[in-house]
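Here the structure is laid out as structure tokens; the discussion comes afterwards.
Chain nomenclature is as follows: A, B, C, D, E, F, G and H, assigned in order of appearance, with residue numbering initiated at 1 for each chain independently.
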Amino acid sequence: MSVQASTRAELLALLEEVESGALSASSALEQLARLPFRDLGFARVDTHRELRQSAPEAVLAEGKAPDEIEAIVRAMLESGASSVLVTRADQDARAAVLRAVPEAEVDERARLAWVAVSVPPACGQVTVVSGGTSDRPVVREAQVRAELLGASVVVHEDVGVAGIHRLASALPDLERADCVVVVAGQDAALASVVGGLVPAPVIAVPTSSGYGAAFGGVSALLAMLTSCAAGVAVVSLSLFRS
Amino acid sequence: MSVQASTRAELLALLEEVESGALSASSALEQLARLPFRDLGFARVDTHRELRQSAPEAVLAEGKAPDEIEAIVRAMLESGASSVLVTRADQDARAAVLRAVPEAEVDERARLAWVAVSVPPACGQVTVVSGGTSDRPVVREAQVRAELLGASVVVHEDVGVAGIHRLASALPDLERADCVVVVAGQDAALASVVGGLVPAPVIAVPTSSGYGAAFGGVSALLAMLTSCAAGVAVVSLSLFRS
Amino acid sequence: MSVQASTRAELLALLEEVESGALSASSALEQLARLPFRDLGFARVDTHRELRQSAPEAVLAEGKAPDEIEAIVRAMLESGASSVLVTRADQDARAAVLRAVPEAEVDERARLAWVAVSVPPACGQVTVVSGGTSDRPVVREAQVRAELLGASVVVHEDVGVAGIHRLASALPDLERADCVVVVAGQDAALASVVGGLVPAPVIAVPTSSGYGAAFGGVSALLAMLTSCAAGVAVVSLSLFRS
Amino acid sequence: MSVQASTRAELLALLEEVESGALSASSALEQLARLPFRDLGFARVDTHRELRQSAPEAVLAEGKAPDEIEAIVRAMLESGASSVLVTRADQDARAAVLRAVPEAEVDERARLAWVAVSVPPACGQVTVVSGGTSDRPVVREAQVRAELLGASVVVHEDVGVAGIHRLASALPDLERADCVVVVAGQDAALASVVGGLVPAPVIAVPTSSGYGAAFGGVSALLAMLTSCAAGVAVVSLSLFRS
Amino acid sequence: MSVQASTRAELLALLEEVESGALSASSALEQLARLPFRDLGFARVDTHRELRQSAPEAVLAEGKAPDEIEAIVRAMLESGASSVLVTRADQDARAAVLRAVPEAEVDERARLAWVAVSVPPACGQVTVVSGGTSDRPVVREAQVRAELLGASVVVHEDVGVAGIHRLASALPDLERADCVVVVAGQDAALASVVGGLVPAPVIAVPTSSGYGAAFGGVSALLAMLTSCAAGVAVVSLSLFRS
Amino acid sequence: MSVQASTRAELLALLEEVESGALSASSALEQLARLPFRDLGFARVDTHRELRQSAPEAVLAEGKAPDEIEAIVRAMLESGASSVLVTRADQDARAAVLRAVPEAEVDERARLAWVAVSVPPACGQVTVVSGGTSDRPVVREAQVRAELLGASVVVHEDVGVAGIHRLASALPDLERADCVVVVAGQDAALASVVGGLVPAPVIAVPTSSGYGAAFGGVSALLAMLTSCAAGVAVVSLSLFRS
Amino acid sequence: MSVQASTRAELLALLEEVESGALSASSALEQLARLPFRDLGFARVDTHRELRQSAPEAVLAEGKAPDEIEAIVRAMLESGASSVLVTRADQDARAAVLRAVPEAEVDERARLAWVAVSVPPACGQVTVVSGGTSDRPVVREAQVRAELLGASVVVHEDVGVAGIHRLASALPDLERADCVVVVAGQDAALASVVGGLVPAPVIAVPTSSGYGAAFGGVSALLAMLTSCAAGVAVVSLSLFRS
Amino acid sequence: MSVQASTRAELLALLEEVESGALSASSALEQLARLPFRDLGFARVDTHRELRQSAPEAVLAEGKAPDEIEAIVRAMLESGASSVLVTRADQDARAAVLRAVPEAEVDERARLAWVAVSVPPACGQVTVVSGGTSDRPVVREAQVRAELLGASVVVHEDVGVAGIHRLASALPDLERADCVVVVAGQDAALASVVGGLVPAPVIAVPTSSGYGAAFGGVSALLAMLTSCAAGVAVVSLSLFRS
């Protein structure tokens, strides 16, 4: 079964056979195990991820050589990825992406490089708000990721609760969002305030911006995890140290 | 504007006026500020939460006197809550709920008491999986919460990765879910394995079950936060110590 | 120089002599060192504290035998303390205070016992707000302490940011306060929201109420310490485990 | 209502209307929400902070581009800020401030740049003491902040308790202060000793100076938080790593 | 070489032979390895410790059955121990010691039981000071241990720095001590103040008394470890939870 | 392929087919996925584990009801387990095991219950040493586990390095062991000393025995993890709190 | 007894004499103590380690001057070491090794230098798997160490559980291994999945690769320590910061 | 009373007057308070420390400008210090010391500069042992400090317990020492082994050398604090990061 021939719909059909008893559960797992990947020697590119999860994996540039990054990006595109996103990409890593795909876009401050081959059709609105200006790199990464998944993204930066009236103008966009992303460091109180106001699920993303007892984002992480507002879940991957 | 007269649709209309310029942003905030709550002296019951967020707030029994719990439950029902869920409810707290609502349901091991007045129409499938038998109380809380929100819930317990073949029979339910909840303690590796297989968003919920270096759930929390699978977000509220 | 004869004014006069050069700095320290205390064998009651700091020391009952508490309370009153406040006082400790001062007041839930002998004249307004009902014991301790210092105290409980409109009715009292005390557990976001709104200094007091990643109050403590609002200082003494 | 026309007195009048019942609480919140801010695209400068809290916000230079800093400083001054204080300002950031306000003052070691437009009239004495010479940058930041608020500031450095007699000469200034700031790293014992001697509130500020088990200021932070002296509150924002 | 025949002087002579070359270093280690111990099956009582270190080992009662404690105490006395000290001894453990040695002394609050068979001749003065009354159990343990080693012990309790003048009366005993022990919880500032005043070595012993951010003694431990006074060393074994 | 018919040898043959190319890798995974388990509703007993890993899973009693424990033990024995080991088994749990298997053995102090059906033939020597008497429960668990796997086990307790000569008599058993287990709390220095002496792999098992800065076993855990001796690996599951 | 003359067999004979009673235990320790080492002034090279433990000690380059490294390598080879492995070796350190042994091999990315003089005969298969490409330096160190001990090593990189099907092709090599090494950062879930599948002992090695809440490898370390799979032991030495 | 005229003997006489009742305790404190210090503006050099504590304070170079260091060194020498020790002195700091005292000695690797003016007569033997070569900078600091206090110092480096026979040759010097200093990183097991062997007090000094779970010295610190050997006290100041 080649990647090209496979479709998500086929996979679902397969699993429905399991449900109906026409296929054993173990056979379903076997199908999953038969999934292809590209073995580059130094990496096994999970070219099947997009079929399985509707989105290709993001490539973490940190700890990879430029040549490796270039090869991975090429392999993903050759395997039919709808987009490629390379994160934590320094100067050399971004250059490697551009060698593989000259039309790639880059964001130096956010250390990103990406290319959209065939972004899915519009699938909902994501509103991203941040506590302060220094959260911008994480805001950008959230924005690009969401856009590559087909979301329409609106961003309101620097609306932290120390001047809570600044949040007012963002309220309509927060109210209508299908998903809200709150990016904040320090006390991350913005996550709880937003979480108490909006009906959509809130993804709280702690950042390491801040000083004093911010402890590189740990305080923000803990505050978000203990948010007393309902519907707030935490994704911690964007704690960063430049 | 009374609670009864208000509807979520009206709120959205209001916000659309903001968007079109017919209403200022600050007026929108004013509307939100004009929200009612029930002041019981010892508590300010946020009766407006359901309008704002499509679900009433859960009541944490811990640290409240039985009389207070009884009064809060009564106030919520009188204000038209679609359901009431009381968590971490010991013997006395559950009795207090039953005094307020004799038809309430209770679960002793999960320390829950709840009553469904008018559960929303079916709105999607939630599949809950757990790593082991001792995660059951948290599984039950997740299940009841989701059902009160209108979800159809399927549960597969004790499918931890130490015997990963046990996960196979849960795969069809995981594949078809609109949202997956993974409840696990110790190393919480189940969250990452499931996160790598399913297309739906995964809510990872660490528990304090386990021993040794489990550190009351901290290890599970950290493992879930650093899951290398995409689409995994963490809700930490169910770490528990009996 | 006896305690009775001494007055705060005299102390200031003394120090002004230092400033003018009429007295050496070391002589000033000598005066301070000559201060009396009551040696009860098991404790050295700092009867001079009130002169030095305008308020008698609070007595921590925890770890003291009832007889010791009774003796300390008697010693303080005999030394002319304007009030006595005994904290973390269990049943036996509160009984000991009542033996020493039958007219003492007690609060079982807040584990307090106190007696006001000669409260100072009204010296300003303190507004205390709390995030939730379970913060009540700490709210009460803050209230009693402030009242014994001569403050007029207003309390607004259960105004956490998950339902931020509940905070609206407390705004006038927050605006007019000479000092604001914010008592909160979990994410303690209330401290930052209040800190961004009011002109008075804000004393943020973390509590151990909450669950999940609240970690007994550590998350609240860190969030308060990293509050991005100006004028917020933290007093950690009320983290508690019942 | 423009910023220029608004005054703090008007705000208080407004809130008194709330108190008297002439205006609803929610209308008060609406007023707050209607507050202006300067949207610079990359930042929303809270130009209203000074009305609300009697002091403009400090600008954290870290994580902002020089052009952004310059623009923020200009915006604040154009909005009528009484002063501007830029913290953690490296060489480039200080140059940016000087471009915006050639008459700004800078302190390289403390990484500060500031300009006083119209400092409030003298409003009390602040005495700042430090444990050691290496706490100087934090001492300077505390001093400049307090002076921009209209305080008269006296500084006594290097009076740590390992040579407690050095504290003697600072006693008169500590005794007469309206507010005391204790800046210390390592064991921060100075905060407790000063807290036990003076009648004024003590703001304890931990620093990351020190070595061994100082853990970048955590030990100082914890010691200050658990100070057994009354009247000590902690502000943690000055833990620093150069 | 039997225990009875061995003497410390002989051991030193042995080692001097090593130094002079008359004996190889490895033979010295062989001598040490040939040391006897009492094998009780469940424990190997190090009866040789007194020869090696001039003091018998203390027996930790916690985690041992009463019968085991009784047997260990008997074995130590039969082996000629100069004294026996049993720590963390609850009711049953103390009874076990009394069965083995009816003339043993006990201290319930400090959970100690001990018997002095042949205390060494007076060998110096130890002055023990404590921060507060609740540090008493640790003070007592330090006192008994030191007395069993032949020290003359003076104790000054409740001289914490929040009322630093209380320390004045202890100064002569601190000045003349051969060794000072400072027992304190919370911020443990007493250790630094004493460490800066006295010429003798200071053993700082953190306790878990206190509340708030005391974190069971961790704050005291860290403050003592980072004491800026010279000559302060930390022994952490007395952090306790009753 | 039924469980009964399967044998480990067959599994290996299967995998060798994969290696030779006669069978695809995905088919191997399919075989693994087709493994049976016993679904008891509340638990999925991994009856296949013994085939896969040569040993049945241990049953953690903590957090399971006695009836559940009894059912799990019965299911394991019916599935042909060579032995059953139930850990952290309190009075009720041990009784449940005895109901299922009257000939089971129990150890109250170590909270164990176990039954050996068909222990494998002798497969090597394990030497277990412990630092102190209070480590005994963990020693016992290690001993029983190893014996059920067919090992010949020798135990030397209370040979901690504070009296290092006690270790001498254990040396021959340490030298000849095929695997050494070091059980220790506090500083766990025994692990490093043994690790530096013996040729066999050393499994270091930290325990929570101890006091002071032992922090419930964390210090022992860290010391073992950083052991400078080669061949030391850490298993942390036996940190315990009674 | 010279190093050359000694053999491991002789040592075992010696210990068997102890067992039979022909030699006292203390004499055995004496033999161990008589072991030679090379005193280089700045280091005492444990040339006897290979006799005692079948493998020479690895040399940590970090913190040593190049000249010291060169001298240590020379001393080990002169003492008859079967191999030399220098870890964390930067450019200068690797050059120093090459000066001592021109035929040494180096790996820049893994910061290794080594030379095999007389590797033991093949003694079993080690299979090393890693979670991702950035774990490569640690994979390489594990591989080289194992090969120098005589193991046949197979490596499968980048088979983390986010794309679990990639693990399928490694299964035969995992099944047949005598020892499995799992190298992983972030959530380290791979260790538990592998631990649940294979019969051989699993050495789990956390790495500091990853970001967000990976906390430099602490999350991986904790997850590995709490692995619910049997037979997983942790070696933490390879947490690294480049 | 000038510094020159004062002598330690006079101070003791003073305190004996207190003891006899001829002088009040508060007068003793007054004498202490009258102690001189050199106010350099940026520092208050505690020139009286040597009288009070028999040794001048060490000067921490870190965080001080070279000019400040030079001035402090000059001031100490002018005040009659018996020696000066500057720690954590980089290139510039060491040059500053040499400007002030051309005959000063320096140690680049240990970052020290010192000058001995009038070292006290020989007062006992200190034996310093270290676990490994990379602990050398801390060993050197301990050695220089002790020698400036008049001690005769013997050093044995690289005698860690992984090759415990290396410790044998150090035993005679350990046995005869008046004080033993153990410097070690990682698991710091050397402190416990030495603490169990020698009669003298053991000062355990953790270092940050090591890797993996060494956590910059925290593991060593904890292991030393929980040493099960008697007579071990911890001084943490030498944890270092180059």
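For this structure, a couple of remarks:
Here, a residue touches a chain if its C-beta (ideal position, glycine included) is under 8 Å from a C-beta of that chain, and two chains touch if they have at least 3 such contacts.
All values reported here derive from a predicted model rather than from experimental measurement.
Interface repeat of B-C: among G-H, A-B or F-G, over half of the contact pairs recur, by residue number, only in G-H. Among the remaining chains, B is positioned farthest from subunit H, on the basis of C-alpha centroids. The geometric centre of subunit D is 57 Å away from that of subunit F, both derived from CA atoms. For the pair subunit D and subunit G, the distance between C-alpha centroids works out to 53 Å. Measuring from the averaged C-alpha position of subunit C to that of subunit H gives a distance of 40 Å.
Taking each chain's centre as the average of its CA atoms, subunit C and subunit D sit 24 Å apart.
Counting partners per residue, subunit E has 25-26, 29, 32-34, 49, 57, 132, 162-165, 168, 196-197, 212-213, 221, 225-226, 230, 236-237 as the residues that reach two or more other chains. Those residues of subunit F lying in contact with subunit E across their complex are 132-134, 136, 157-159, 162-163, 165-166, 168, 209, 211-213.
Listing the residues of subunit E that touch subunit F in their complex gives 32-35, 37, 42-44, 46, 48-49, 57, 60, 62-64, 68, 88, 221, 236-240. Taken together, the subunit D residues at the contact with subunit C in this complex read 8, 11-12, 15-16, 18-19, 25-26, 28-29, 32, 49, 52-55, 57-58, 165, 168-169, 171-172, 175-176, 196-199, 201, 203, 221, 225-226, 230-237.
Residues of subunit E that touch subunit D in their complex: 131-132, 160-164, 186-189, 191-193, 195-197, 210, 212-215, 218-220, 222-230.
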